[in-house]
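A short worksheet on the structure shown next.
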Amino acid sequence: MITLLSGFTGTGESQLNRNPWTETVPERADRLVRAGSMAEAIIVMPDGFTRYGGSQYLNSSATGRYEDHLVRELVPWVDRRYRTIPRPEARAIAGKSSGGYGALVQAMRHPDVWALVACHSGDMYFPYCYLPDFPKCLDVLARHGGTVERFLRAWQRMPRKADGALFPAINAIAMASCYSPNRRARLGFDLPFDLRTGAIVPAVWRRWLAWDPVQMVTRYRRNLRRLRLVYLDCGTRDEYHLQYGARMVAERLRRLGVRLVHEEFPDGHGNVQYRYDRSFALLSRAFARR
Amino acid sequence: MITLLSGFTGTGESQLNRNPWTETVPERADRLVRAGSMAEAIIVMPDGFTRYGGSQYLNSSATGRYEDHLVRELVPWVDRRYRTIPRPEARAIAGKSSGGYGALVQAMRHPDVWALVACHSGDMYFPYCYLPDFPKCLDVLARHGGTVERFLRAWQRMPRKADGALFPAINAIAMASCYSPNRRARLGFDLPFDLRTGAIVPAVWRRWLAWDPVQMVTRYRRNLRRLRLVYLDCGTRDEYHLQYGARMVAERLRRLGVRLVHEEFPDGHGNVQYRYDRSFALLSRAFARR
Amino acid sequence: MITLLSGFTGTGESQLNRNPWTETVPERADRLVRAGSMAEAIIVMPDGFTRYGGSQYLNSSATGRYEDHLVRELVPWVDRRYRTIPRPEARAIAGKSSGGYGALVQAMRHPDVWALVACHSGDMYFPYCYLPDFPKCLDVLARHGGTVERFLRAWQRMPRKADGALFPAINAIAMASCYSPNRRARLGFDLPFDLRTGAIVPAVWRRWLAWDPVQMVTRYRRNLRRLRLVYLDCGTRDEYHLQYGARMVAERLRRLGVRLVHEEFPDGHGNVQYRYDRSFALLSRAFARR
Amino acid sequence: MITLLSGFTGTGESQLNRNPWTETVPERADRLVRAGSMAEAIIVMPDGFTRYGGSQYLNSSATGRYEDHLVRELVPWVDRRYRTIPRPEARAIAGKSSGGYGALVQAMRHPDVWALVACHSGDMYFPYCYLPDFPKCLDVLARHGGTVERFLRAWQRMPRKADGALFPAINAIAMASCYSPNRRARLGFDLPFDLRTGAIVPAVWRRWLAWDPVQMVTRYRRNLRRLRLVYLDCGTRDEYHLQYGARMVAERLRRLGVRLVHEEFPDGHGNVQYRYDRSFALLSRAFARR
């Protein structure tokens, strides 16, 4: 069983989208199985979408208990319904971008559920992948009334929400809903910067950093050592510079003695589903070794 | 019956793709029907994809008889299979971008099949929407061996074909396969420019222009006057500058006495499916008047 | 004597600007002379700036008689004032971008004044270097009142006129003031497109094309054959795609038997003053051969 | 006396460059004096250029003692040579971008030399204005051999050094030469990030932050309170997001009781010399009040 998490703004269903000159996930898996590159597997594509575009597959009082959903609801349900091998060594969690982040975090925190993980171009080293968007988010908010509430009201009314120019704002808001929820805050979460001066709020930023895989791997070293395979890759031209985070994580995992495969490839962040060819084969082999 | 043509690189199926914060076409139509904005309709989403990304829904010896497919195969098949009203006044053809182009051309050439048309952000005025890409196509070809054959070979091997930097090349090649097919040419079509100097080849370029709606409307004025409704719209920030072509076409249609609704809206070219709310309602009313 | 024409928005004086890590023209020439790469020469840097940014060094009722200024005023004045060799074989005209255009056109039309020319990244093949900007110009005008007059009034008031987003408008207006002046037009010149629909006006566009070096070289073949040296170069990544025009011109010049050196280099359009190293040396050698 | 510091990659001389549709600094001052907007003044334009593009007007073992140069060499020399009023109340220091940074830092550290300061779009809040460039710098270095030495060697050979794509690398290197010099380091300075993983090196980054005006103002509060005028402005669309730093600094200065004028204007970072109209007038009035 491979649980495949979609990236930010994606859903389980969107992994079945038809894109030009590209296989869907089922077509890809079928080809790999036919070619003998991977064994047959049950591929599960769960949904982690929220009103802001994504949950990072974490529990948050602002958006919902997505982490629990995966390990407490989804896995047992799939085990009941399908012919699975209901043991961690037969379960992989994989994903790309925010889905890669989610996969890695799940594996760190639930080695009793998943013993294999493939993280493609996953969010890591937040000072490079999120912080540079903060002033851009502030710029977008400034153009839409200056508060998150007013921005969100304007955005709700926009017919075209997936606008590239708005992305840094949506993204920062979504990440705040995942990393710094706050029941007492008006919106249900704290922003990591002051809305007027833009100054980073250290107390909130530290809460974000506690969810940065670069920091988490040390904390979860015992769990990580229990995993059968950690596969990590990233493009060397990643637009969010995630290859640097991946190198930091890989370096630490190697030092901790974790079973790691770390690869880089000459491409950017988007449309790199073709990397599943590699991870599915490796996961399959790691499954098979049992 | 509304036949909805997808844009370049799209397929029938891709109109069902799940995108964030956006309805699919069926969800959109369901909402419009529930709200009373449109009557129930059979929506058909045909496939015009080719190896190069699209057929413009024309017959071409280089790619296939897509125009014939729609009027000779698809419509009769749908009429046999579904509870349609098998008359032109009950058939609309609509689409966006290359799908808008295809819809308009179909309506001009087959008023006996479709009596209503909605063209959203359709390709028109080729000197603005295609010509500026010719030198960019030449640049891409120069970086990939200097010939279309070598470029296509390299491209076939690329894991990620839908690369923005390559788009001007793919697009020019695809359009050449539609507008200037040539059975005796090595590739099956002629390019409208010289591969070394870049000079536009007038004889080929004229073949393209003969398929430019701006020129076609005069030639097909008799057919156009038979239509119950021509709906034409375009964003005023269209990245391909299609609003200018739409204005030229609208001006001519109005002068020719065609039943026209021409609208502009403050947006770009991409993700403007929300405009179907407008066209579906207008088409529905025009159907209903019978 | 080398007369060095500056590009669009440049002046004679601006060629003395201090830019980082770059020699000024005098510093460059001094180094080349010291290194023995070129003989001593008088370098003249005339001014062709207009209210719109440049004259293309042509006579125009809209902006002034810049062509005449060079051959009737400047050259005689320099010959009177400085120790020149007052013969065409001892006079070169050179420049970059619009200055390269001006140099080539001057040499074609006044071989009795200049017998050597160096054209770096010069404006040529107007369908690629100007036409793609027409719809962008229309977009800018639409955002500023929809007429050239209103746009120019707004622009006059702007504290920062050299704004990249406005450039396509300024550039098209400036070129119209050079290529299609019209004493009876309100602004003193005709635009090559309709302001509302954007349609290219063939009669005006033909006037522009008559000034395209790609067309001019055939007309001026007798004059061109009299020149001692035509040096032509362009970057293979030129943002205005001028390398294609240069290839067309080079091909024709070669066929006409003109003494031509045509080079390409792997760079874009801007900041390529380092190419003067090459042209100054070649011009100097061609001078010296007398 | 107004000492006007140029921005990064600028020199004293480059402030006299001729740009289209723009006054040079002397022309601007002449107009302001004629209009009665400012009194006559001696304007000094010093040079802070280094091999990497700029010194931030600081002392550095890696590049030179630029801070000392201004207060120990330049000011006494000007006082000897020109008819100045040799007192701080008659001396302003001003500048734009890195020149604005330099001006503010000079005023904070040498209130006995300058009692008035105008900082336009100055570098401040380094987490927003520099940190986002670190991964971009790493990307550039990776494409050029992976070390600063190899990059610099390649760059020295490039005919066109002021390439936008290289800018994040040059800029980070230059800033490291100013903020984190190190006599024992091979290059004479420490980079604030690890070259392989990209990880920020806290010890070096802290040295940078100690030079961030947002941190400095508190430390230099006594000096700042002695100033007759601190003028601070920034565009609300600044590409380096410097408006946020300016707001933080302004907020602190106001709280500290410093004589401050803080303004924002609707523009970006580049070509905003027109803001000198405002600062020269304010400085002049503050001079005059004595």
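Letters A, B, C and D mark the chains in the order given here, with residues in each chain numbered from 1 onward.
The working rule: a residue touches a chain if its C-beta (ideal position, glycine included) is under 8 Å from a C-beta of that chain, and two chains touch if they have at least 3 such contacts.
Just so you know, these numbers come straight off a predicted model, no measurement behind them.
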| query | Looking at subunit A with subunit D, do both copies bring the same residues to the contact (over half shared) or different ones? | reply | same
| With chain centres defined as C-alpha means, what is the inter-centre distance between subunit C and subunit D in Å? | 36
| task | Let me have the rounded angstrom distance from the C-alpha centre of subunit B over to the C-alpha centre of subunit C, please. | result | 40
| said: Quick check: what residues of subunit D touch more than one other chain, meaning two or more? | reply: none
| Touch-based graph of the chains, sorted into line, ring, star, complete or other | ring
| Touching pairs - complete list by chain label | A-B, A-D, B-C, C-D
| subunit C touches which residues of subunit B in the complex? | 125, 127-128, 131-132, 134-136, 138-139, 142, 196-200, 214, 236-237, 241, 243-245, 247-248, 251
| note | Given the complex, residues on subunit D that touch subunit C span 9-11, 13-14, 16-22, 49, 53, 159-162, 267, 271-272, 274
